[in-house]
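Both complexes shown next keep chain A, but they swap its partner, so chain B is in the first and chain C is in the second.
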Partner chain A sequence: MKISKRLLLLGLIAAALVMASLGAHPALAAGAAAGFDPKAVSDMTGFDPTKYENPSGEVVKIGVLAPFSGDAASVGQLYWATSAWVAADINKRGGIMVDGKKKKIALIKGDTMGKPATTKQAVEKLCLQDKVDVLWGTSGSHLTAIIQAEAAKYNKLHLNSHSLSDNLMEGKSFTPYTFQYIWPTYSVGNTLAKYYASRKERKFYILDQDYVFGHELAESFKAGLKQYVPDAQIVGEDYHPLFNKDFAPYLTKVKASGAEVIFTGDWMPDSSNLIKQSRQMGINTPIAGIFLDDINALIAVGPEGSKGMVFASQMLINYQDGIQAKWHEAWKTWPAPYNTALYEWLGSTTGSYVESLYWLLDVMQRAGATAPDKVIKAWEGDEWLGLIGEKLTMRACDHRVVRDTYVTEFVSPNKWYQDCAYLDQLVTIPAEFVTLAPPKDSERCK
Partner chain B sequence: MKRHLLWLMAALAVLIVFPFIFGPLQTNLMVRFAIEALFAVSLNLLLSFTGLLSFGHALYFGVGAYGAALILTHLEGIPLVLAVLLSGLAAALVGLLLSPLLVRVRATAFTMLTLAFGQLLYVLCSKFREVTGGEDGIMGWTTPPLRLPGVFSLDVTQPLYIYFFALGLSGLGILAMWYFTKTPMGSVMISIRDNQKRVDYLGYQVVLTKAVIFCLSGFFAGLAGAIYAVFNNLVSVGGVLHIMVSFQPLMAILVGGIGTFFGPILGSGLLLMLEEATQAYPELAQMISGLIFIAVVLFLPGGAISFGARLRGWWQKRAYLRKAREIAA
Partner chain C sequence: MSPELQMYLAQGIHGLAYGMLLFLVASGLTLIFGMMGILNIAHASFFMLSAYLCVTVLNATGSYWLSLFLAPLGVALLGVLVERFMLRRAQASGLGHIAELLLTLGIALVMAEAIKLTWGTEGLQVMAPRSLAGLVNIGGLEYPIYRLFIIGLSLVVLAVLSLVLYRTRLGTIVRAAVSDPDMVSVLGVNTRRVFMLVFGLGTWMAGVAGVAAAPILTVFPGLADQMGMDAFVVVVVGGFGSLFGALVAALFLGELNAYGIQFIPKLSPVLMFAFMALVLAFKPTGLFGDRE
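And now, the complex of A and B:
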């Protein structure tokens, strides 16, 4: 076949036009392999979360929704240290290119106090008074449900960093403004059940917080066991109030039940108190959970008390260079309350907070905008490589992340801490075993 | 009288233009003020006018709030005002049911019993997840519009309309309670506070009067709870039945002025303002409010409402001393 010069020229022009139009798409313009770039992290020497100050001028405002006071104030500190880190890093790089200019990041606290009514007030203040661009948080699915509803009401983007309930993104609860970064309870249940399929333990005692997340998590774990460990036994099941002060009555029942594993979804401060009180009572039954990375609690029970605990997470950092080295170096000068071992390295919880924010800001930069509709469009279906190089896919129809998950058994000695057992080898559970199917009742997912 | 009327008219005018001048955030703050003021005045009926200290008033507030949430969730198409009034009646019914036990005790025993009942309902609602939603609570129901057929239909999920709805209901509630204190039965109520035995000897029905007061106080606390539910579109045990919910109006009464009718309203406003002012320092907020509470109890036992009189007294004393010094010189 003979190709004329004119045809060749036309073909070249057409190809150039196609390339140019593809290049105009923000996601493709930035290259196919979007993700966290450890080399791009600024020199963070001198960074101190207690001295973080918002930049002046035009900024991207992030409303940080967390319990900054009350029983779970320690969780608020985790949120603050990590969000301040990401904001300071991005600001040192000059900000992100959105709305036609480079904008730095400003953080505004919204104190939920861990209570529903206060959460609603905090969101209202962030949206109406502070006029934030994004809401980020929080811990507690019942509180996140409120944030979701309010975010949709005020047309604000909401990144759910740490509420796992399966229901949040289903049925009437779904709103296009919210993205659930964290893994859902279904994935937790299946991750741990799959892990225990290859182990000898068969007697489990479920001890969870008495709210939607605790109950859903228990159901997910039971369903997972039924599928992967059919001969497993649930020898007891209890639900305690959030921010419980005394675990003794529950632990006494655990002891009497002959359980080989305590399964819990408790988060700080409950997880920390459960760990400490169980060991103080002489109950050394291994605990399996997803928020067991309060290093201060692990150190309190020592290597013997923390050994054998099974820790599952959506993201576990098992390297000490890159961002870990920079975080660790900066941490050495941090004052109270950030000068404890809990902040020494990026753990599963802190690492996840950091990862979720880096992803959000990267998506905003690729969208080239802060407007919710543009960010939503850029994020739906987005593929991104996370802090450990893991592939994260934001499923377009229900805004949940498809990802591999990880399990580890705490051992001592380890490369992280001398005074307690901690992670060493990671077991990867592939996404195909732990991914929650898109909701059947959703028109968007059909 | 004329001056009072003028003041009242001016206050009403300010309240009417308030949401148009300030934004929705401040308007929402006023809604909270209306709810808390009504709740505090309902408790004040027991504390300041009957001499009964209750540590479990959240019981009525919670019943009203859960009542409204359950009615609006399960009875589709029910008029909003009817749902709110039924919730208040449910709280009054609880007051009636508890009155055979509560009317027979006074002082510490009464306080402890109310605390026990309040906590009992808190635990029951926490455990009865199927109905109350437990710690998660009930949320997301569709709130019907405030409707007068053929005249208006207002969407009370909008800050402007919930403002007028909450302020109107709270205002009417407070007015009704104020009126009650001026009735003969209100006088008997105050007499019971001052000397229950003498009132009994005089032939008045102490037990019955107390039962009526419980029902009335419960009704208005329940009404406040119902407005809270409509406003927040959310009811949870922590938010409406927690022990701190019982202490909140108590603080408002003590800060505003115990023994007065309008002190609790002032106290509610002051506490809300304090809460807003300390929002930027969440770690210090509780400590600051605690310190202010201690300061009021120590230096202004009559509450903030007595501040003007105290200031006047201090000024008069100062003037008298100056004059005395001049005479002596």
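And now, the complex of A and C:
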């Protein structure tokens, strides 16, 4: 068959167009085998986390382990909104192809109440009575350690998207059933240290909560500074009790120290109180941390008070189309307690939770099974492109994710919120600077 | 003033401000115990409820001053109802203080859940009114006006309370009813109503503290636990039932906290409890109390 030059040229142009359009999607552009596909997200109009209902029939059961009651119940709400979103989306698509059939996703709550004993009871119920396929949770490394042990005992997959401790996947704590999606403390400290290598600030005051995470984070930040910012000075270091009331005495020391940055790992309500009280005292020293995106606190101090804060995260969505637009549109109709600014956009925390679940379900589908051994095999070493097109690699030997991380400085005005400063330009910290090395004592990692 | 001196002065005022806030919370607790012999476990919950009511009034009217008036009033009304329809029955049950303790514990739990149902579990924020925002210069030290306002507000509450209790006929009746309710009753005074008033007054003070604390702290469902323990320590150290003891203990513990953070930060979280243990070891009734 003779092909004319014109036809050949047309064919080449058409092929180039197809390639270019495919290239616009990060997953395919990078040539990766798998990734989050924003176009595949269902029409989520009408989705309401308060009205989420599990499908009937054969399902993939996810046990959501969170504090659904008690003082930290707001954390449980975050878990529920995000897991219900992913489940509703996947179910609208017809489910995932596993065990030879399409199965939809069912969510079953396990209320940890933030306590070790209730966490253990909740896990046992989910494993023995509800017979879940996956355990998802939870906040607090001491609680996650319990879930890990129980998951291994009952041969259940466990996805940790919430606890950052460096030790969870090391030594005797490691079990092949658990995958740590969330970045470890080491990465947090090194991300911010590396960020300041290209900035002018050199005087840091560490103000952290007085428990394991606070101290671990401070150590990783100090080690990172030593490596990337050797001329940096730690001009002060204090550890305050959890749920501290009065930050004024600490802030007076910060002011006297001449610090240019307050480094903190504080989470709510300590982070909010720190922000609020510092601004009330006229101390506008930039605060750097990973839990500073509490919108209510940012709005309380306004654009001036929240401007210049440095926020680090493993994943930050800086676009308003795609899944972000669908989430935002759905949110507009949500009733209490999900009708607040905290849920208006997929933020650092909610975005990460959603991403981790999409990845899990994608891995299951590719494994074609819910059986832990098959999913483990499929996930180990898996490369996947996330919500912002970033490459995530599940390191096979210790089940921790190798990934770039992100830092942003809150600015005002911004495209997100009128009443406070919020994220703008993202600074990417390459994975090579922030990845925790595989544990040396692990036979699997040798 | 040298920067170093400014720092120490600032810590002193921080201690004073926090101490006075502690006094506001603790004074109602010690008043109720002193006058009625009731250890109100739900006291900090009234404090928390007032902070939430402050958020609601502020959102509805935009006026912090109106919330400072209405929120404590609402809490006091609830306190009156609790005394009238619950505590009185618990006291009549014949189970003694155990019934009161269990009842107020139950009220605290119910209030915590009711608050979550009404306001949700997210942290809510209140900012100081414009007239109290900003800083004032004290000998070269820039100090937040709102913290000075807390000191002033606490002093006003203390003055009003002292006047009412020690300089009015009503106060005389209250104190007499505490000493000998039967005798006062014989004299034609409705002692039940007096106790109801005292309980309402105590919860009103918790309410004032809740509104005063709201612009400094995040209003969230754990607020009662956050402040409750410190208030309890103040009452124990000052002596159960002693208003003056509560004032002295609150001021001392406030300063201990501020200067502890300045000089021995690693030990500062336990200083308050260590001091309480010390006081209890040598004077189990507290510094100014006469009841064990």
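FYI, the second predicted complex is superposed on the first by the 387 of 446 C-alpha atoms of A that agree within 3 Å, B and C clash if a C-alpha of one lies under 4 Å from a C-alpha of the other, contacts with A are read in each partner's own complex, and residues count from 1 in each chain.
In the analysis below, a contact is a pair of C-beta atoms (placed from the backbone, for glycine too) under 8 Å apart; a residue touches a chain by one contact, two chains touch by 3 or more.
Just so you know, these numbers come straight off a predicted model, no measurement behind them.
Engineer: If we overlay the two complexes on their shared chain A, which of chain B and chain C does A:Pro241 touch? Say first, second, both or neither.
Structural biologist: both
Engineer: When the two structures are overlaid on chain A, which partner does A:Gln365 contact: first (chain B), second (chain C), both, or neither?
Structural biologist: Neither: A:Gln365 stays clear of chain B and chain C.
Engineer: State whether A:Ser313 touches chain B only (first), chain C only (second), both chains, or neither.
Structural biologist: So A:Ser313 meets neither chain B nor chain C here.
Engineer: Could you say whether A:Thr178 touches chain B, chain C, both of them, or neither, answering first, second, both or neither?
Structural biologist: Touch partners of A:Thr178: none, neither chain B nor chain C.
Engineer: Could you tell me if A:Met281 is touching chain B, chain C, both of them or neither one (first, second, both, neither)?
Structural biologist: A:Met281: touches chain C, not chain B.
Engineer: Contacts for A:Tyr211 in the overlay, against chain B (first) and chain C (second): which applies, first, second, both or neither?
Structural biologist: Only chain B is touched by A:Tyr211; chain C is not.
Engineer: Once chain A of both complexes is superposed, is A:Thr350 in touch with chain B (first), chain C (second), both, or neither?
Structural biologist: Neither chain B nor chain C is touched by A:Thr350.
Engineer: Using the superposition on chain A described above, determine whether A:Leu128 touches chain B (first), chain C (second), both, or neither.
Structural biologist: first
Engineer: Once the structures are superposed on A, label A:Ser412 by its partner contacts, choosing first (chain B), second (chain C), both or neither.
Structural biologist: neither
Engineer: Any idea whether chain B or chain C touches more of chain A?
Structural biologist: Between chain B and chain C, C touches the greater number of residues in chain A.
Engineer: For chain A, which residues belong to both interfaces, chain B and chain C?
Structural biologist: Correct list for chain A: 73, 76, 210, 241.
Engineer: Could you please specify the touching residues of chain C with respect to chain A in the complex?
Structural biologist: Contacts found on chain C: 3-4, 7, 10-11, 14-15, 17-18, 116, 120-128, 133-135, 142, 144, 146-147, 215-218, 220-222, 225-227, 230, 257-259, 261-262, 265-266, 269.
Engineer: What residues on chain A touch chain B, complex-wise?
Structural biologist: 68-69, 73, 76, 109, 111, 113, 115-117, 120-121, 124-125, 128-129, 141-142, 145-146, 149, 172-173, 209-212, 215, 241-242
Engineer: Could you please specify the touching residues of chain A with respect to chain C in the complex?
Structural biologist: Where chain A meets chain C, its residues are 71-74, 76-77, 210, 238-241, 243, 245-246, 248-250, 252-253, 255-256, 268-269, 272-273, 276-277, 280-282, 294, 296-297, 299-301, 336-337, 340, 342.
Engineer: Given the complex with chain A, which residues does chain B contribute to the contact?
Structural biologist: Touch list, chain B to chain A: 23-25, 28, 32, 126, 129, 134-137, 139-140, 232-234, 236, 238-239, 279, 282-283, 285-286.
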